[in-house]
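Both complexes shown next keep subunit A, but they swap its partner, so subunit B is in the first and subunit C is in the second.
Take a look at the complex of A and B:
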């Protein structure tokens, strides 16, 4: 218990540091004290306040929301499918979202504003197809069926994406940023369109914490306690699909975060109780993405690099170190 | 088709049929539970024992027959309500990493909590009581992954006890345990009946069934073929007709034994 509390504390400190750094650092450096003042509404005014409020604050919030969403999506999928390899990839969302975005980038480059909608639509479409196939016929809703249907759908949409890129190689470079995954300083507009999907996903996830703990003791114990295992898995899949598709709409393909953050949290906290893993993955994911995004846009400022690769570089050593110590 | 349910029984199942795919697993099984009884379902491998108790527990959908809990049809009982009627102990539950005994038993209490509601004092007391009753207080802080088979079975029973249902259903609770652990679990289950619980078991070991059960239900090829006290039902003729064994059960001063002609048995 004490260990979990200290993990929570460490994650919150990391999130606070990442947030302040994300607001303060960039092409123009704003002193930490000014950042705090601006957040408290006592800012000095002027262009620095403009930069923090209009550009960095929305970007930081996006990083936190997307990071939390992907962390939660991974945590509830791994719990629902009882599979450590589960991530938004395995329910087809990532593949679908990637296809939707590349479709807009390549076929409708004039309507690039539609990119988030395209990613969201195709991400959810892919997940819906996965659920339809996995929940039909015999043995419906079984873990094996969900994962196999998901992998099939992932392959299908990835093939579509690759096909588009191969057919229009001259337009491929503009798609790379989306595939690598990254945030932009585009104000509040994207969040204003996408937030309801995040909201529904977060609420679902909250309601799923206890049912997922039951499911960890097996379908029979969950059923004995009055839950319906297949329904829990379906609800977790829908919540994860909403969170991952909304994340892809804003930040491209950051699948790694959803896979790894819940594992890091479990290993660090020594617990796989969802009461701990779900909120801790949310905070951890938010801190990781906010921190990595800050690095990605400051290391070679004013050039911004996509955050995906940076996050992997930050996350993998920590993950491997914890993995070595895990039983 | 089936007779009117007997409302004095906690559980009255008649003509239960279960099909999995195109395979008929049960073709007409009956099962009744009276208050405060220990009922053991016995039968050869593949006879449908587990399927029968899973069906009456609401864990397996049926293709025919009627199941009534205190006179109410199983079709009208919703999940959470069902959790107050019976607790089910699976043969072997998955053992999640990073979950302690206490956490697992606490999860067993979760059917009493409102959505997003917190544990009340009564809930915490129920968890402690379940832990003590199942005899697992010594290792509440240990991870499930570190437990022996016997310890794990007791923890599974503790999880079911935390659910606070009047009927406990266990699918072969001793099939993977050594002699000492089996004796411990058998004593625990009999003790629960003495406390006022009603217990339904699937049992493989006939000598154990003879020792612990008030009523034995023999299932063979998807049907109930006999119901009664162990000594009435588990006769040498039945051991021969159902199991194809030349065997008899004996009881002497609380000790039971199954005597088998292991090598020269000629199946009936």
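Take a look at the complex of A and C:
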């Protein structure tokens, strides 16, 4: 118990530091005192105020929301499927979202404002197809069927994405940042469009915490306790799909976070209880993405780099260190 | 004997002096390539202006309207990464030389492996365009015409850059997407904007590619007077793309957005060099910079 509390506290400190860094640092130097004044509504006005209020603040909030969403999606999928390699990629969401976004960028550049909608639609479509196939025929909803159907969908949509990029290579640079994963300074508009999907996904995930703990005891034990294992898996898949598709709509294809963060918090906290893992994954994911995004924005400022590689650079050493200790 | 030796020495000297000229003439006479494929609009149009018809031209970004009407019956080769043209299609044209782009690095190597001579003519600077015009002329044995062409180009560019009244701050973007790249001073579009009198917004960034993803914070801080986007889109997409760019929160407060000076250019003359340099500069000045 004490260990879990200290891990939680450490994660909260990491999140606080990442948030402060995200608001205080950027391509343009804004004195920290000005940043505080601006956030308290006493800003000096001018470009500095706009940079903090219209660019950094929404981006920081997006990083936290997306990081939390992907962390939770990975945690509940791993719990529902009982597979440590489960992540939003496994249910095809990432592949579908990628295809939807690239379709808009490449074929309908005049409708670029629909990019988040395209990513969301195809991400959810991919997950829906996975569930339809996995819940049809024999062994309905079995872990193996879900994972195999997810891999098939991922391959299908990835092939579609690759085909589009190959057919229109001169438009590929516009797609690179989405594929590599990254946040943009697009204000509040995207969050305003996508927040209902995050909200439903977060609520679903909260409601699934106890059922997932029962499922961890085995399907038979869970059933004897009054749970319905297949229904829990389906609900977890839907929640993860909503969170992952919404995340991809905003931040592109960030594949590392949902897989690794839940494992990091499990190893650090020494517990697989979803009462601990789900919220800890949310906080850990938020801290990791906010920190990585700050690095991506500032390391070669004013050039912005995609955030995906920086998440890996920050997360992998910690993951390997914990893995070594755990083994 | 002495006279004979003197005569022999004189003859040897004459032969030594004359030999390079003779062999050079022989080389230029024999080695002027007959079958040329031009993969860039600059190379293709330069050949057309010199009165040389290539056996193949590369498909240009934004369609074939940038090519000279003299080339309308020439075989068009679709281009794609990483080789550029399909090598089988190219080989079927039996080219002696291919005037290519640095974009097709892998393809250029493959063409050379096929025994085809490859020369890269895709200028990113106007000065380089002059030089490459002359070199293409030299290649096809039309030095005199190339010099005349060069002279006319220089004159028209000088005229196009006269009387610049103002130097607005310009941000030039490649692509639209959610993360457009900024074109830098070592890109063709950047060179044109600078020649047209614009102060190109680059954040002090250098990049070999000529493009960089620059932070929106810098855009807000630098406050460009004009934003020009060069997406790969159609003319019909211009209104919706302009609205989309205006709605970008990073740019809403800029002078460009406030004064309605966000433009979308779809003819790709800012992406790739052509021979219509003066016309491009004039268009940038009148349509975008208004100087």
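By our rule, the second predicted complex is superposed on the first by the 310 of 327 C-alpha atoms of A that agree within 3 Å, B and C clash if a C-alpha of one lies under 4 Å from a C-alpha of the other, contacts with A are read in each partner's own complex, and residues count from 1 in each chain.
What we mean here is this: contacts are C-beta pairs under 8 Å (C-beta built on N, C-alpha and C of every residue); 3 or more make two chains touch, one makes a residue touch a chain.
Small disclaimer: the values here were computed from a predicted structure and weren't measured.
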item	value
Touching partner for A:225 - first (subunit B), second (subunit C), both, neither	first
Touching partner for A:138 - first (subunit B), second (subunit C), both, neither	first
Touching partner for A:50 - first (subunit B), second (subunit C), both, neither	second
Which of subunit B and subunit C A:111 touches, first, second, both or neither	second
Subunit B or subunit C, by number of subunit A residues touched	C
Which superposed partner A:168 touches (first subunit B, second subunit C, both, neither)	second
Which superposed partner A:297 touches (first subunit B, second subunit C, both, neither)	second
Contact footprint of subunit B on subunit A as seen in their complex	82, 138, 206-207, 210, 213-214, 216-218, 220-221, 223-228, 266, 269-273, 327
Partner subunit A, residues of subunit B touching it in the complex	21, 57-59, 78-83, 86-90, 93-94, 96-99, 103-104, 107-108, 110-111, 113, 115-116, 145, 156, 159-160, 163
Complex interface listing, subunit C residues touching subunit A	61, 80-81, 174-181, 203-205, 207, 211-218, 220-221, 223, 231-234, 236-237, 240-241, 244, 247-250, 252-253
List of subunit A residues in touch with subunit C within their complex	26-28, 47, 50-51, 54-56, 58, 105, 109-113, 115, 166-175, 177-178, 182, 184-189, 297, 301-305
